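Should a chain be cited, it is by its letter among A, B and C, assigned in written order, with residues numbered from 1 in that chain.
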Amino acid sequence: MDFMLSPEHQALRRLIRDFAETEVAPVAADLDREHRVPHEIMRKLGQIGLLGVCFPQEYGGMGAGEIGYCILMEELGRVCTSTATNVGAHIGIGAMVIYLDGREEQKQKYLIPLARGEKIAAFGLTEPNAGSDAANVHTRAVREGDSYILDGGKVFITNGGYADVITVMAATDPSLGAHGGITAFIVETDWPGFSVAREEDKMGIHGTSTAELVFEELRVPQENVLGKVGEGFIPFMKSLDMGRLTLGAAGLGGAEAALDWAVRWAKTRKQCGVELAHKQSVQWMIANMATEIEALRSLIYRVGWMVDTGQPFTQLAAMCKLYGSEVASRAIDMALQIHGGLGLSRDFPIERFFRDARIAEIFEGTNEIQRIVIASDIFRQHGVRIRP
Amino acid sequence: MKIAVILGRVLNPAGIVVNRRRGRIFVNREEYVMQPADRCALEAALQIKDGSEAEVIALPRDLLPGDAVGSADVLRRALSMGADRAVNFTGRASDVDDAGMTHVLAAAVERLGGVDLVLTGATTWDTGQSQLGPRLAEVLDWPQVVDAWAVRVIDDRAEVVCQILSSPVRGDRGGGSGYSIFEVDLPAVVTVHPGALKSRYPDGVRLINVYRDDGVVEQWDVAEMVDTGNLVPLLEKRGQDFPPQRERGVQLEGTPQEMAKALAGELKKRIG
Amino acid sequence: MDFALNEEQEMFLAMFRDFSTKEVAPSVEELDHAEQPPLDVLRKAAQQGFLGATLPEQYFGAELDYLSYCLLLETLAKDSLSVAVTLATHVSLAAMSILAYGTGAQKEAWLGPMAAGEVIGAFAFTEPDAGSDTSILQTRVTFPFDGEESEGGEATLNGVKTWVTNGEIASLLLVFAQGSEGIDAFLVPADAPGLTVGYREPTLGLRSVTFNTVYLEGCRVPGANRLGEPGTGLEIAQQAQDRMAVALAAAGLGEGEAAIETAAQFASERVQFGVPIAQKQAIQNYIAEATAEVEALRYLVYRAAWLVDQGQGTPFDFSVVKVHGARVARNVTNRMVQVMGGYGYMEDYPLARRYRDVRAFSIMGGPTELQQVRVAQQVFAERDVEVVP
């Protein structure tokens, strides 16, 4: 077993860290305060090739694999959860569906510009009645000649307010549900019938677009059906599976940032005549944070390796998301506590990370769903099919 | 045209702590970065390449035993940023200083053949003003311009912009206030001021491919290039110590009134 | 032991609920968004006698027992934690300190206006270098001439206070400073020469509460404005913090109850996989655990309030209620955000604001870590071991 990152992955990490510290960290607080999407940063990431980090070079990507993508999310997560979220929605779910299930022509037409960062992607799954129950989509897709007409809408779509390409899940046959009734489509956002209704006002990740989308007689050519008609649920679930891993990686980044600040503050701040570092309460928090971070890191990169070597990873990816989001929340909370009053102040970055981290336990499959995925997989291996 | 860029690596000072009291330097985080001035030199070379047909070749600044991997890393970074070729030197048993390195690099430039411009940093983070560029120009018998802020190539000349340091000598300097522009015939050696240019990020695809390819950096044996007798250091390092301690100030405490009283007293003591 | 609220307390509770629903709930979201203090709410609260909740009738107070006052805070917190914290600072920290330690003249001068809401009180103890470390303060109080201290004279205060709750809206600040015999407490009007209320901290939560930095630069007050004897400042501050610990825990209790109410309602309406999510065991567990925690906290808080009324209560009691109140309020709110899923993250729904507001509870009024030291000190003192923090 070789636990070292390969030379190219080490070099990649250096590049991304340098970029994150130079381009992202200085504006992270502004993005939050101004509720602004980092379009400039997305453009620069695209120019370097990072918006296609895991896609093969023949499709405009960097060919750094899932491990490369984990590194990207980890390093961005260390400085700005909002930026990491924009990137994750673009690569890990938006473009990923096209990579996993697109036809060659679709990959040529859409994946290449997405991987190069010339266009931005989003993932159109969630609806008011389809949250955890993702198959319960009501957006209708009706065949008409050589097109499909989409009617309905989506909510809570990350990047939805500015994406160029959105992979949308719609019901072609409501009576069949997830098995035969749902189809995936590639939708271009400048087509007539597509509109953005509103942006959500969230507790955190203010530097992201979380949009409500409306489809009104939106005509989608049949070439844009992704995968087979009626079998759209599977590619979307596969994409979510993969996205989970890298969400855990972003959590790892956030936890590492928290540990870093906590240590720095503890060695500087004096109370009762001694630095906080000499207080056992603080030492315990830091030791716990560090231990969880190490465990998470090993989990994330091992699962990355499993994906890159073609091994089954569904259960493990769910663990990455579950554990990653919880480790990040715990670590950031402890760092905030160590900083005392300053941890509550918006003049310091910690409270921003605190607000940003909370969503990770909820989106892309709540942690409850992750637990169902894990338990289902375990029992399935023992011949029991559990009803969630 | 052919541009050779000489790049070195240095320990990132951010990972170093100096403890004066114990008279020691602690390397808490051993992280090497490209010398900042050399990075600017590379950027200057790449910008020339952006505007024309040019080949950029990266060469190492240092020759330290067992440092092949370290130097190779800097060279690979240069490749990932856009350099066309990189050459590392192997086969050396002990430290070679700037004087010795000059001979190695001069031989390398000869061997490359047709080099029009040599770029390197004007300073290094660890030793200050770098002698390497000027020495190399002397050995090659090429013109040199040091501490450049910008370099442009026009036909067989280079236009180099340098900052004027404040000087009592008057005269027509041209080029606008604060800067001189020198025209120099190629081939020439130009050293670049640190911070003169913003370094570009490596290209992602290039980065992955360069680092996956073990053979991407060429290896040249030093013994085949120079008489190793020329490489013995001219200077012998006998020791190193911290600069002498300076007298610290006096901290005054108390209420503003108390501090004012104390300050007056201190001033009386010193001035009389 | 009688665990039931008496008739009067039940009546008060109904009155408090009525007030909160009518006067607090409608503006809470807007005030949070605009980060404005709830001045209108305070005016209305004053009309009800809430700003002098525990003060004697002779000072136009409502003369509520501490438990009833805690019921008020619990109720207000269900709609706005900011309003509860603002009120508690005014009553428990400022007004009741004057009640406990003030001279007749001081009580006459200040308590009536405070009960009427004409004067809002603030508490200025924390300093940039003295957060939890309370034994030494940098803020100094001096008297120009020796001997004048005992005669009254004029005191001069110099220093900087941070995180002064109600800083911007207060007309009276209780300022703690290092004097010749230890820490002194001074009643400083906001318009005293040399006092400047400065920077307002932008905070994660409690965005309708003002937390300010206060500068004392040659701030002059009559010597007669000292509260209590010279050197009793630490005692005054500690008692105030103990009262506040109970008050905050009561607010936390209300906050937790409200979070559960909102989430349970959501869980009964939100249908996924064909059934309300209330049918899912995981959701049931979250609600059940939260309810159990809140119930346990309830009686801890009510008992602590009773201890305040009895004039009893050891550091152990107050620290335990502070720690537990903060922990339960935070855990419950966090779990209820999770029950609400994405809707728990949207500012259109109340849970997001609750989550942001309640985080401060483990820090303000003495962070959990220091409270725990106090608890340990008492536990080990009984075994003849002096715990040194």
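Just so it is clear, contacts are C-beta pairs under 8 Å (C-beta built on N, C-alpha and C of every residue); 3 or more make two chains touch, one makes a residue touch a chain.
Note that the structure is predicted; figures quoted are calculated from it, not measured.
Undergrad: Report the chain ID whose CA centroid sits closest to the centroid of the full protein CA set.
TA: When every chain is reduced to its C-alpha mean, the one closest to the whole-protein mean is A.
Undergrad: Report which of B-C and A-C is connected by more C-beta pairs in contact.
TA: When the contacts at B-C and A-C are counted, A-C has more.
Undergrad: So which chain is the furthest away from subunit C, centre to centre on CA atoms?
TA: Farthest chain from subunit C, going by C-alpha centroids: B.
Undergrad: Cα centroid separation between subunit A and subunit C, in whole Å?
TA: 39
Undergrad: Quick one: subunit B and subunit C, Cα centre-to-centre, how many Å?
TA: 59
Undergrad: Under the touch definition given earlier, write down the residues of subunit B that touch subunit A in their complex.
TA: 76-77, 80, 201-205, 207-212
Undergrad: Would you tell me which residues of subunit C are touching subunit B in their complex?
TA: So the residues of subunit C touching subunit B come out as 140, 142, 158.
Undergrad: Please name which positions on subunit C make contact with subunit A in the complex.
TA: Within the complex, subunit C contacts subunit A at residues 126, 129, 131-133, 135, 162-163, 201-205, 271-274, 280, 282-283, 337-338, 341-342, 344-348, 352, 355-356, 359-360, 362-364, 367-369, 372, 389.
Undergrad: What residues of subunit A sit close enough to touch subunit C in their complex?
TA: Residues of subunit A touching subunit C: 126, 129, 131-133, 136, 156, 200-204, 270-273, 279, 281-282, 336-337, 340-341, 343-347, 351, 354-355, 358-359, 361-363, 366-368, 371, 388.
Undergrad: Show which residues of subunit B lie in contact with subunit C when the two form their complex.
TA: 255-256
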